[in-house]
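Mind having a look at this structure? Questions to follow.
As written, the chains take the letters A, B, C and D, and residue 1 is the first residue of each chain.
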Amino acid sequence: MTNLQSLKIAYIGGGSKGWAKSLMNDLALESRISGTVALYDINYEAANRNAQIGNRISNHEKAKSNWKYEAVTTMEEALSDSDFVIISILPGTFEEMASDVHAPEKYGVYQSVGDTVGPGGLVRALRTIPMFVEIAQAIKRHAPKAWVINYTNPMSLCTRTLYEVFPEIKAFGCCHEVFETQNLLSEVVKEFLDKEVQHRSDIKVNVLGINHFTWINKASYQNIDLMPYYKQFVEKYDETGYEKEEGEWKNSVFSSCNKVKFDLYKKYSLIAAAGDRHLAEFMPPTYLKNPETVAYWKFHLTHVDFRKKDLIEKVNHNEALIEGKKELNLVSSSEEGVNIILALLGVEDLVTNVNYPNKGQIEGLPLGTIVETNALFKYDSVQPVFAGKLPLDIHNMVSRHVINQESILKASLTKDKQLAFNTFVNEPLLAAVNREDAEELFNEMLDNTKSYLAGWDI
Amino acid sequence: MTNLQSLKIAYIGGGSKGWAKSLMNDLALESRISGTVALYDINYEAANRNAQIGNRISNHEKAKSNWKYEAVTTMEEALSDSDFVIISILPGTFEEMASDVHAPEKYGVYQSVGDTVGPGGLVRALRTIPMFVEIAQAIKRHAPKAWVINYTNPMSLCTRTLYEVFPEIKAFGCCHEVFETQNLLSEVVKEFLDKEVQHRSDIKVNVLGINHFTWINKASYQNIDLMPYYKQFVEKYDETGYEKEEGEWKNSVFSSCNKVKFDLYKKYSLIAAAGDRHLAEFMPPTYLKNPETVAYWKFHLTHVDFRKKDLIEKVNHNEALIEGKKELNLVSSSEEGVNIILALLGVEDLVTNVNYPNKGQIEGLPLGTIVETNALFKYDSVQPVFAGKLPLDIHNMVSRHVINQESILKASLTKDKQLAFNTFVNEPLLAAVNREDAEELFNEMLDNTKSYLAGWDI
Amino acid sequence: MTNLQSLKIAYIGGGSKGWAKSLMNDLALESRISGTVALYDINYEAANRNAQIGNRISNHEKAKSNWKYEAVTTMEEALSDSDFVIISILPGTFEEMASDVHAPEKYGVYQSVGDTVGPGGLVRALRTIPMFVEIAQAIKRHAPKAWVINYTNPMSLCTRTLYEVFPEIKAFGCCHEVFETQNLLSEVVKEFLDKEVQHRSDIKVNVLGINHFTWINKASYQNIDLMPYYKQFVEKYDETGYEKEEGEWKNSVFSSCNKVKFDLYKKYSLIAAAGDRHLAEFMPPTYLKNPETVAYWKFHLTHVDFRKKDLIEKVNHNEALIEGKKELNLVSSSEEGVNIILALLGVEDLVTNVNYPNKGQIEGLPLGTIVETNALFKYDSVQPVFAGKLPLDIHNMVSRHVINQESILKASLTKDKQLAFNTFVNEPLLAAVNREDAEELFNEMLDNTKSYLAGWDI
Amino acid sequence: MTNLQSLKIAYIGGGSKGWAKSLMNDLALESRISGTVALYDINYEAANRNAQIGNRISNHEKAKSNWKYEAVTTMEEALSDSDFVIISILPGTFEEMASDVHAPEKYGVYQSVGDTVGPGGLVRALRTIPMFVEIAQAIKRHAPKAWVINYTNPMSLCTRTLYEVFPEIKAFGCCHEVFETQNLLSEVVKEFLDKEVQHRSDIKVNVLGINHFTWINKASYQNIDLMPYYKQFVEKYDETGYEKEEGEWKNSVFSSCNKVKFDLYKKYSLIAAAGDRHLAEFMPPTYLKNPETVAYWKFHLTHVDFRKKDLIEKVNHNEALIEGKKELNLVSSSEEGVNIILALLGVEDLVTNVNYPNKGQIEGLPLGTIVETNALFKYDSVQPVFAGKLPLDIHNMVSRHVINQESILKASLTKDKQLAFNTFVNEPLLAAVNREDAEELFNEMLDNTKSYLAGWDI
C-alpha cells in the first residue's frame, strides 16, 4: 500500500523554467496526494530558486495539498526512496542548441524546432544519450522501483536509452502534442455537429506512430465517427489553414494554422497528430525549403535567439515571484503528468497516449523501439493498448525514423562516427544536400557539441 | 453516426433459456439505447416464446428503454442490417452432451463441466466448429460490419473459428468467470482491510491466459496491492475452502469453496481466475480422480440429468411468464454484454476481460490464437491491452491447451481423425488412460455425435 | 521418383531472345537429364523461332542430352504436366521501357537500368504485376506442384506476386549479379594471395539483402577470410576503379569499373554484391546526378535505343541460325538455372543465392517479403540459409525499398493511385525532385503505360 | 587465415573414455590438419592417460597427420589460444547417475537412458547447468573466438546454458542419432529399390525437432522420395521390428528393433529420428511402463551397473594400450566432429544436423531455444537451414519439452525449487504418478545430487 500523503518525487532537471512550474501548479491543485519533491539540477542555484517558488505555490491559499520542495545536490539524494522520477533536462546550453538549429541553414536546411529529428535532432541526441545513460544507471542503483516520467527531447531516444541501460526500468515519455489534435477535433465537432466538447479527452482517438510524428486513424466523439468530418474540415480549410481567431498564429512562435497537418491528410488520408513545426521536420524539406515556404505554410521557425530572450523573461518573472513582487496565480496546466501519477497510485484509471517500448502495440515496427500509442494506466502499471498498423506509405516514413533512432543510439553508445554520419545523411530533411556538404556540416555540428562527446574521435 | 434509438441486435440461438433473458433484462434497464432484437434459432418455436417474453419485459413498467423482439426464420433475416450479433447456441442436444460428459466415466475420467477441454470439450468442439463455420459465412455475407459477441462454449474455439473463416470479422467472446474472482478479491479486501468494495470492477486485475484457464498476476484495490493479502487469504482458507456462508457450496452444482483455486495458488503463485469446476479440467486428474476427490475439493460434477431437469423448470417458468401466470421481475444480471455494447456505441468506455485473437497481448503464445486478457472497448473498437507473459510453468500448461485447440480446429476443418485422436490423448485429463482405452472411448464418443460430423470417416 | 529422362519444362516468355538460348545451351551440355521444353509467348512466332533454334541446339553434335522444343499457343498447354516452369518475360514493349527509363530525365533523374527501383522500376512493376497475377493463377490451376524459376525484373516484386496469389507455389527468383562479385573476389585472391580460383563458387560468401541491392558480410576462400583483402583492394582501386583489362568497361553498356561498389564499401564497410548500374539506382542520386557523374563513376546509362538496336541484332543472328547461315556454338552460359534444376531433381545438392520469401533468413526484414540470401537446394526442396542481419545503416536503406515494394504490390492489386504516388516520391532517386514535378512525371509515366493498367483511374 | 598445420583444440572432459578416442582416431586419419590437443579434466590422471593414448595414436604408422596431446591442469591453460573447444564431460559420478535412472523405479517409472528428459534428465540437468555456466564463463574469458562443440547430455540444455551465459559464443551441439536413421533409410532403399547406398549422407533428410526427439518430414535418395517407401517398410516391420541380423538387438544395451520408431510413424506419420531408447523417454510411459513392456518393444533399459562395468573394461583396455599390451587399431568412428572442424576451417563445406539456437529455422518454437535441424558449415560459419514447422500434434509434444527445458534452466539459475518441481511433474514420463509421490521422489533425487546444487535450499 502506498501512502498517498507522503509521496516522494525526484525531479531531474529541477532547475527547469517551464515544466517544473506546471507540475507545481498541478500538484497544488490536486487534493488527493501530498509529499516531497526533491529538485536536482547540475545548476543547484536554479533548482533552489524553483524550490522557493514551489514552496510558495504549495502555501498558496488555493492549494489543496501539502507539498514540500527542496533542492538537493546529488542525483542519489533526489532518487533515494522516491516513488516517481521526473526527467526534464536541457541537454547542453543554448549555444549547442543554436548550432543544432542554425548551422544547417548555411546549406539551405531549415529546422522549425531541431530537437527531435533532422540534423539538429540527431546531434542533440548524441549529446543527450550519455546523460541518460548516467541517469539510468543512477535510477538502477537508487530508485529501481520508482516510476520514471521523461519530458526531455528527443523523447523517443531518451526513453529508449533508459531501457537500453536498465531494461527493468518502469519508464515512459509524456508529450502533449496529441492533446492539441484532440482540441482541433473538438473544433471540428463544433463546426459540423454544433456541439461543445467538454474536454479534449472526450475526443477518443487511436494513436500510433512515434513522438512528434504520431498519427490518428480513428477518431470519435460519443457515437460519432469523426473521420468523415475531419475530411470535410480539411477540404474547407486546407488553403487558408485553420485557427480559432484569425491571425492568432502570428503571435506565437509555437503556433500554426495546421496547414501542414491538413496537407499530410490530403496526401496520406490519416490525421497527423503533432504540431506543424514538428511534423515538417520528419518529411523531406517540402515545408521547410526556406523561410518563405515556412511562412506560406503558416508556421514558424523557432530561432534560438527567441529562446534565449524568452528564458530571460521567465527568469525575471520567477525572480519577481520569489521576491514576492509578483502575485502567484494557481492555474492548472494542460499537462497530464499529475493525472498519470494519480492513475499509477490507483486513484483513478486513465487511458492516454504515451511513449513506451513497442511490445507489439504497433504491428510492423521493431519490438523494443519507443513508439507512441494509447496505454492504460492503473495501480503500479502501464499497459500499452494494441493500436494496429500504419498504412504502408506512412509506415515506411515512420520506420525510417525508427531505424535511424536505433542507429543513433548505437552510434552514441559505441562512438561510431561512420554510423552516425550515415544516419545523418539518411535524415529526410537532408535529402537535397549532397554528401560532401553534409559531411562538412556534420563535422562542424559535432565540433560545436564536442565537449559533450567524451571519447569520440572528432 | 450510429442512431442509438434504432439499433438492431441479431441473436443467434435466440431460443436460449438462459443468456437471452439476462440480456433482455439488462437492455430494459438501460435507458440510453433502444431498438430491435431479432431472435433466430433452429427451434423457431423457442425463439418465438423468447420474443414474447422479451416484449413483456420491454413493456414492464420499470423498463427504461424501448426494445422490440421478433423471432425470425432465417439467419439472413436476423443478420441483415444488424449492428450487433450475439451468438449463444447449444451445439447439439443434451444427448450428445451426456455422451461428452459421462462416456469417459467408464474409464475413470470424470469431468465437472465437459464443455471446454478434456474429452468432452474436444468432442463438443468437433460438433460445434462446423456450426460456427456456417455462422461466420453468414455474417460475412449479411453483416460484415456488425460487432459479434460470442457466449457459446468452447469459447476459444468458437471465436477462433469465426476468425478463421472470416478474418475481418469484429468478434470477441465474453465470459463471467473472471468477475467471480474479482468478487472473491472483494472478500479479501473485506477480511484483511476492513473495507467494503462497491463493485467488483473496482478490483483491478491483470488477466492473462485462455478462457476458463485464466490467471491474474496483479490485483489491486485503490492504492493497495492485493497480491500479499491473497497469499494470506489462501494460507488461512486453503484447508477449509472459503465461502460466504458456510455450507452454501452444497446448494448449487455451480458452487465451490475455491479449494482448487487456492491449491493452484500454492503450487503456482498466481491467482487462477475461473471457477474450480472449470480449472480442474485443464489439469491432470488431480482434482477429478473420482467423485470422492471432487467432494474433498468441495466442488461438483455437473451431471447432464441435472441440466435436463433444470431446463424443464426454466421452460415451465417461461411458459408461466408468457401466460401471465408469473410476475416479471426486472433485475439486472451480472453480465457485461450491455455495458460492452454501450462502449462500442461510444456511450461509455470500458476496460474488461475478453476473449480475442492474440495480437501480442500475451507474449509467447502464438499470434492469432484466442486468448483472454483485458481490452479497451470504445466507439467501434476493441483493443487488447498488453498483458505480459505467464511464468514458464503455467505458460507450458496453457500453451499445451492452446496448441491442442489449434489441432482441434484443423482436425475439424480437414476432418482428420488421426489428428483429432492424437489431440484427444494429449488432454491432461486423460493422462492416466492408456492409449488403447483412449481409442475405444474416442470412437464411442465420436459415434455418439456423428450426426454432426458430416463428411467424417467414422 | 522423377524420371530424369522425360522431364517437362514450361517456358513462359518463350520468345525471349536472351535467357532462352542460355538455357538451351546449358541443357544440351548436361548429360543427366532430357525431356521437353514447351515455349509459350504472347508472340507465338517468336516462341516458334526459338523452338527451331532449340531443336537445332539439341541436335548439335556436342549435345549430351535429348531435349525437344515446341512452341505452344496457350499457357495451359505449356504448364500442364510440367516439372519446371521458367518465367522470363518482357513486360510490355520497348516503348513503355523507353518511358520508364527516359521520361524522368526531363526532371534531371537518370537511371542506369530502370527495371528494378526508381521511377522506372516502379512503373514497370505496376505494368508487370497484373501479368504475374495471371501467371500465378495459371500455375495454381495447371501446375501447382511444379518448381517455378523467375528471371523477370523487377525480380522481388514478380516473385512476391506469385506468392501473394498462390501461397503454396514452389517459386524462387534467380539472378547472376552475385556471381560477378564472386568473380571480383577471385581477382582479389589473385592479386593479394597469388592464387588462381578455379570457379567463382569456390569463393564462399554470405549474401543478404534484396535483389540488385544485395550485400556480402563474409567472404572466404578455402581457409582465408577475404574481408581484410577486399578492404586493401578497395583502398588500392577506389580512385581508378578496377577492371581486368584497362578500358574494357567502355566496350559494353553493361560493364563498369566497380567504382560505385568500392565507394559503397568505403561508406558502409560491406561488399555491395551487384553491378554498379543496379546499385546506383537504390541510392539517392549520388552516382546518377547526370551523365557526367555516371561517366566519372565509370559505368553506363543503358539507353533503350541501344536495347532496340541490340534486339535487332539478336533477331538477325537467330534468323541466320535458323536458316543455317550461322554456325551454332555450344557454350555453357554462366547461369545456374540448370544446376538448380539438377539439385531439385536430387542429382547434386547446391548452395547458392536465391530470391525467396523471408522465413527469417534475414533478421529484421518483414516475413514474406522477397529477400536474397543463400539457400540449400536438394531433392524437391529449397531451404533458405540463415543469413543474419544487416548493419543498421544498410538495413534502413534496404528496409525502405522492401516496404516500397510492399506498397507497390498493394497499389497494383487495389489500383490505388495515391499509394502508388506516395511510394513513387519515396524512391531515393527522386529525393531531389519536388512533389509537384514528381506528380507531373508520375502522371506522364502512368499515361505512357496505361494500356497495361486495366481498371485504374488514370 | 588459419594455419591448418598448427591448430589447437581444447578438450574439456579430456579424461573421457569414449568420445576422446573417437576424436583421436578421426584426427589421425585426416591428413589435412595437424596441431595440439589440450586435455583438461577435473581428474587430471584420466586426462593424462588419454594424452598418452592420443600420442600413441598420433604416432601410429597409419596416422596421416601430426597431433600432439597434452594434459593440462587448468581450464584456462586448455582454452587459451584454442581454435576449437570440445566439451564432453560426465556431470557427477555414476552414483548420481544411478539415482537419476533408478530412483524413479520405486514409483513405477522406468527410464531407458535417463540423461535427457524425464525425472533423470531433469535432475541431471540441474547438476550439469552450473558446470556449463562455469565453462561458458571460462570460454568468454579465455577463448571467445573459438568454435565450441558440445557432446554432453542433456545436449539442448548444455548448449542453451552456454548461450545464456555468453551470447556471442560460437557453439553448437553434435549428436549421432540422426545418422542411425539415415542408416535405417539406407536399408529401406536396399529393400525396396534394390540399391546399395554408399554413405548414409547420401540419404537426404529434413531434420526438425530437438535433440533425441528429432523428426524427419522429408527423406530422399537421389531423385527418389523415400517417404512412401518408409511407410511400406513400417507396414512390413512394425510388428516384428527391423534389424539387420536377427536377434542382434539383444547383444547390446544400446540396440533396438526400431519398434518404437515405427509405432511413432503409425501414430504421427513422420519419421522419428533418434534411437528408440531416447524416443521412448519423451512420450507418456507407453513404451516404458515396466521392463516387460520395454522387452515387448524390443529395446533396453540401460542399467547404471552396466555402465560401471563397461567403464572398468574401457579403463583396463586403455591401460593395456598405454602399457603397449594391446595393439592400436586406427579406425575412423562414425562421428562427424572432424568433418565439421574441416568445414569450419574452409576445407570442405558440409550440411549436417546440429543443435543450435533457434533463429527461426523451426517455425513456431521460441527463438533462442536449442533446436536440431540441418545447418550449413563453412569457413568460420554455422548457418541453420530453414526447416519449416512440425505438424501440430508433434509440435505440441516438442513444445512441451522445449518450455520444460527453459523452466529447468531458469530454475537452475535462480535455484527455484518450486519451478523445478512444477517442471518435474510436467514430464510426460511422470504422467501416471500422483503429485504426492512425485514430490517424495523429487526430494529424494535432489538429495542424492545435492553436493552439486550449491546454494539450493534442499
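In the analysis below, contacts are C-beta pairs under 8 Å (C-beta built on N, C-alpha and C of every residue); 3 or more make two chains touch, one makes a residue touch a chain.
Here's who's who by UniProt: A, B, C, D = Alpha-glucosidase/alpha-galactosidase.
Everything numeric here is computed off the predicted structure, so don't read it as measured data.
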Chain D and chain B - chains in contact with each: none
Separation of chain C from chain D, taking each centre as the mean of its C-alpha atoms, in whole Å: 44
Inter-chain centre distance, chain B versus chain C - centres from mean C-alpha coordinates, in Å: 55
Multi-partner residues of chain C (at least 2 other chains): none
Listing of all chain pairs that touch each other, if any do: A-B, A-C, B-D, C-D
Chain B-touching residues of chain A, taken from the complex the two chains share: 1-2, 4, 204, 206, 218, 220-225, 345-347, 349, 351, 359-361, 363, 374, 376, 378-381, 383-387
Contacting residues of chain A [partner chain C, same complex]: 267-269, 284, 286, 364, 366, 391-393, 395-397, 399-400, 403-404, 406-407, 410, 418-419, 422-423, 425-426, 431-432, 434-435
